[in-house]
């Protein structure tokens, strides 16, 4: 019996090398092939620039190799069974009617349990690490408030309020308090680490210590309405010197030229926006105190250039669909004045 | 499809009612879970302690418990072919169920006058939705009982149809046990 | 939603007698009275929750076992009911834990 | 048994539209479910294609932001409630009574009511397209984005009312099938002899029973918030949108198993048939299915690891989630062991079943990653999760259900379906599916969030997005091939044999399609594989024995007549009343009251209408099998 099976298999292999088994193999290994096609992936979540991201990546690494191993073993077993036990044409024999093998089944119940044990340990340890106290005893406290569809960043100890561009110094733990002004949003800078939701009516916390200066892309990760896709941000990890410089500049409220303030006030902008040191104290939209110093506009959608600023003022909705900033029907002269004024706020 | 042909020897309709009751456990479980999760989280009054009328509700609870007694006696009467008893006890279930509902309507009106509405606070919302859906179940039960009573009065409710009464009874008793839980966790444990 | 109302006959198993029903009703009434009494005795306020839970569980069980005939009926019916009941109870407890109604940090 | 296979009987699907509207036959209702589901499969697929076109390149402008949000909301809602659930229901309806040796379900008219309620609910959902305001808050509809303040249009109302109506259909159908499976089995079919597919169906019914009430309650709260101004999910009044997340996922996670277990069941029927062996370790398979269902209720918060529930809750839900991997692993190993040592015949159903095993593993393994909160918080709401869930629902459920469709196609239609086109369908679908969904892992790892209608050019996401879009169109082609194959099969004249696959379960003992009464003589079952036992005798030492030509296992002891339930108009009218009651909330109170009146009236007429009426044809004794 055994011999005959061996003969069959040998025959099958030499005769056909069946296109079927080949294609089957190719199809099921497609994902692996896909992986292999990508040389040394440099995807953002795999290139962390904070202690938080590194902790997360460590657990991911563990899990990846366990699951990849299981994947390869199981798929190979499946393909082997298919190729080895394929019926030849005209074969009307009935195979042995095996109903089960209890010891084996108990075995492959316990095996995954054992593997899970190895996955569970780093998981639980990291959960408590990440949700425990920040490693730095004097972290930089920042409050992040989600809005449809922009980010508000407040530095209570520095007296800074800004939007959409978050600056943190390298090497010092940033401790974020997260909440929302309207619907649920989610704070996510992939290279920093995992996300944490911004829930209206309650506060969440998240800390990380950036390790590499640079500018990193971040984005809201919880569906929050029309322009969810456009709720982006930039995280600037500055070296200590430039962070000090930035925060000093932010705190220095340059007396803005009064003509510009006047245009800003009579155009209706002040109903929603604050500019420190002026009567404009609106709380609905982003704080514009030093908007001229930002690199981007409209929750990091467009570069901060006079042309783009003008386009944004002309028709907010066509830049960011659903934008809550109304189209004020400003004439070109007023737009030019406002652009000049706002770009001057540094 | 009679009892002898079924696998478990239980009439399918009776089993279906039990299956439905299991599902209802989750329905009321979710409502109760929400009530308890939001307990004490209202931003403004009135609070349960200020407003819940324990003497009134104790009487209501007693009325509903006694309706369950009437229900089993009605079933017993139908099974033994006691038509007079069936009418009397089904009538009693209808009256007691109606009394319970009347008590609830009175209670809701009182609360409304004391400033507790659906919109007032979380207590109002969770309380009215939980007890309101229970009341809706009682209402359906009362309509069902009236139907059975009319059938009985027309002489259509002989012993051969006692399963109709038994299944309706299971529903009625379940509505009663739900109230046992609500009375305890909403009214007595504040 | 009664299906085929004419064809089934009740499975008249060994139900309790009328006397038992009256007795159960009496016990239910007394338990309710006890519950309300516990509510009004200030001395018992520290242990009111466990007492009330025990009393109402007893009422629940009596109605289910006798009025709903689970004690005399096929075990499959009890199994079905218990399935829903257990999952529902577990969910209520988990939600209370998650929302801080009970457990660490609760006010009760 | 097979003696009646060729007996004359009235054609199952004859009769005009009215006979379809009033049918209470489980087979016809199964067909109605199947046709509706396949129709919505096309609708949901077109929605997906538009989504993929929009994402194929950065800053594309195929549809606007709002339309995109509506499309993925409708795609998700459609695929979950209008495709995968009813497609499973189609197989349940058609096959369960046949597989357990029953003539119909326990409550045939309730069954019709379930279908029509589902159907009207699905129509109501899609009506939102015609009033130009489809829902746009995602199929998960997280509060408080669904509140009146942030979503003032009617879309959310359409969504919440129609899903609630379909939920009632699901609960009604779950009650019906739980009782059918438990209580309507043929003599001798103990629970351990119930076919795996039926077992998984039973677990699914219980999950529906227990999972739909919480979502109903969540919807009731949302309805009260939107219609009556309560504050269940409104933070300014002390409520929390997180309550919605809990209630939704208490439903939502069991729902995942509601969607995948039917497919597990199909594969557990198909693999043994084509390997010509019994299912390896059937009791383990049954218990692991039950365990998956049970554990499914204890893990809902693993969808909420970014919500901020705290380290203790995260740990508890993480560990509970990991436990589910154990019974799932058991299933996969047992399937492979079923193939092991068999004589595997490579027919189309086997292709899809094997494809399901091979692809589901990928979704299962990425699921294990998500069980670990530190990993999950990176992957949550990113395209990695989109990849994961499509490997589970497309690789797992869709492939499994297609295995079932090909497997039972001859039984249902009485026609064989083309092997060549079937295999082409399979290969196109495998390649298309991997091309579409595998790159999404990479996109997720590169930080692409889900549910975004556009992305900037400088993020480097366009290559994999373009590949995914190409894959999606390949899937569309494969589905087209399926429809061509189906049409050719239906047009062909060759009658399918009763038992084309040499299978082991009861449905293959009757003709294809089965007679209206299913079994002329209700079989007596003495094995988990009654038909196999009948064909091959006791299974010990079977390897040398060749197939014995069919002799009836049953003593010919026919009943005098077979009473079948009569068609009834009341279930469909009651379902219409329910839909008017629910949908009426969008029109006005008068419509709600009108719907309620219709519902109550129809329920009364239904309750007092005898199930079997005189004058309806009954069937005489077998083997003549003709109508009398």
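Order of writing sets the labels: A, B, C and D. Residues in every chain begin at 1.
By our rule, contacts are C-beta pairs under 8 Å (C-beta built on N, C-alpha and C of every residue); 3 or more make two chains touch, one makes a residue touch a chain.
Worth saying up front: this structure is predicted, and the values here are computed from it rather than measured.
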Does B-C or B-D have the larger number of C-beta pairs in contact?
B-C
Taking the mean of each chain's Cα atoms, which chain ends up nearest the overall Cα mean?
D
Just the number, please: Cα centre separation of subunit A and subunit C in whole Å.
49
Distance in whole angstrom between the CA centres of subunit B and subunit C is 13
Can you check how far apart subunit C and subunit D are, centre to centre, with Cα atoms defining each centre and the answer in Å?
35
By the touch rule stated above, which residues of subunit B touch at least two different other chains?
1, 8, 10, 12, 15, 19, 22-24, 26, 29-30, 34, 37-38
Quick one: which residues in subunit C touch 2 or more of the other chains?
2-7, 76, 80, 83-84, 87-88, 91, 95, 98
Per-residue overlap in subunit D, given as positions that touch at least 2 other chains
106-107, 178, 182, 209-210, 214, 238-239, 250
Are the chains arranged, by touching, as a line, ring, star, complete graph, or other?
other
Chain pairs in touch?
A-D, B-C, B-D, C-D
If you look only at subunit A, which of its residues touch subunit D in the complex?
20, 23-24, 27-28, 30-31, 34, 38, 41, 43-46, 55-56, 59-60, 63-64, 66-67, 70-71, 74-75, 77-78, 81-82, 85-87, 91-102, 104-105, 108-109, 111-113, 116, 119-120, 122-124, 126-128, 130-132, 148, 182-184, 186, 188, 190-191, 193-197, 199-202, 204-205, 217, 219-230, 232, 301, 321-322
Per the contact definition, I'd like the list of subunit B residues that touch subunit D in the complex.
1, 6-8, 10, 12, 15-16, 19-20, 22-24, 26-27, 29-31, 34, 37-38, 41-43, 118-119, 121-122, 125-126, 129, 133, 147
Subunit C partner contacts - residues on subunit D that touch it in the complex:
106-110, 113, 172, 178, 182, 206, 209-210, 214, 246, 250, 297-298, 301, 309, 313, 565, 603, 606-608, 610-612
If we count contacts the way the header does, which residues on subunit C are in touch with subunit D in the complex?
1-7, 76, 80, 83-84, 87-88, 90-91, 95, 97-98
Could you pull out which subunit D residues touch subunit B in their complex?
106-107, 171, 174-176, 178-179, 182-185, 189, 209-214, 216-218, 220-221, 224, 228-232, 237-239, 243, 247, 250, 604
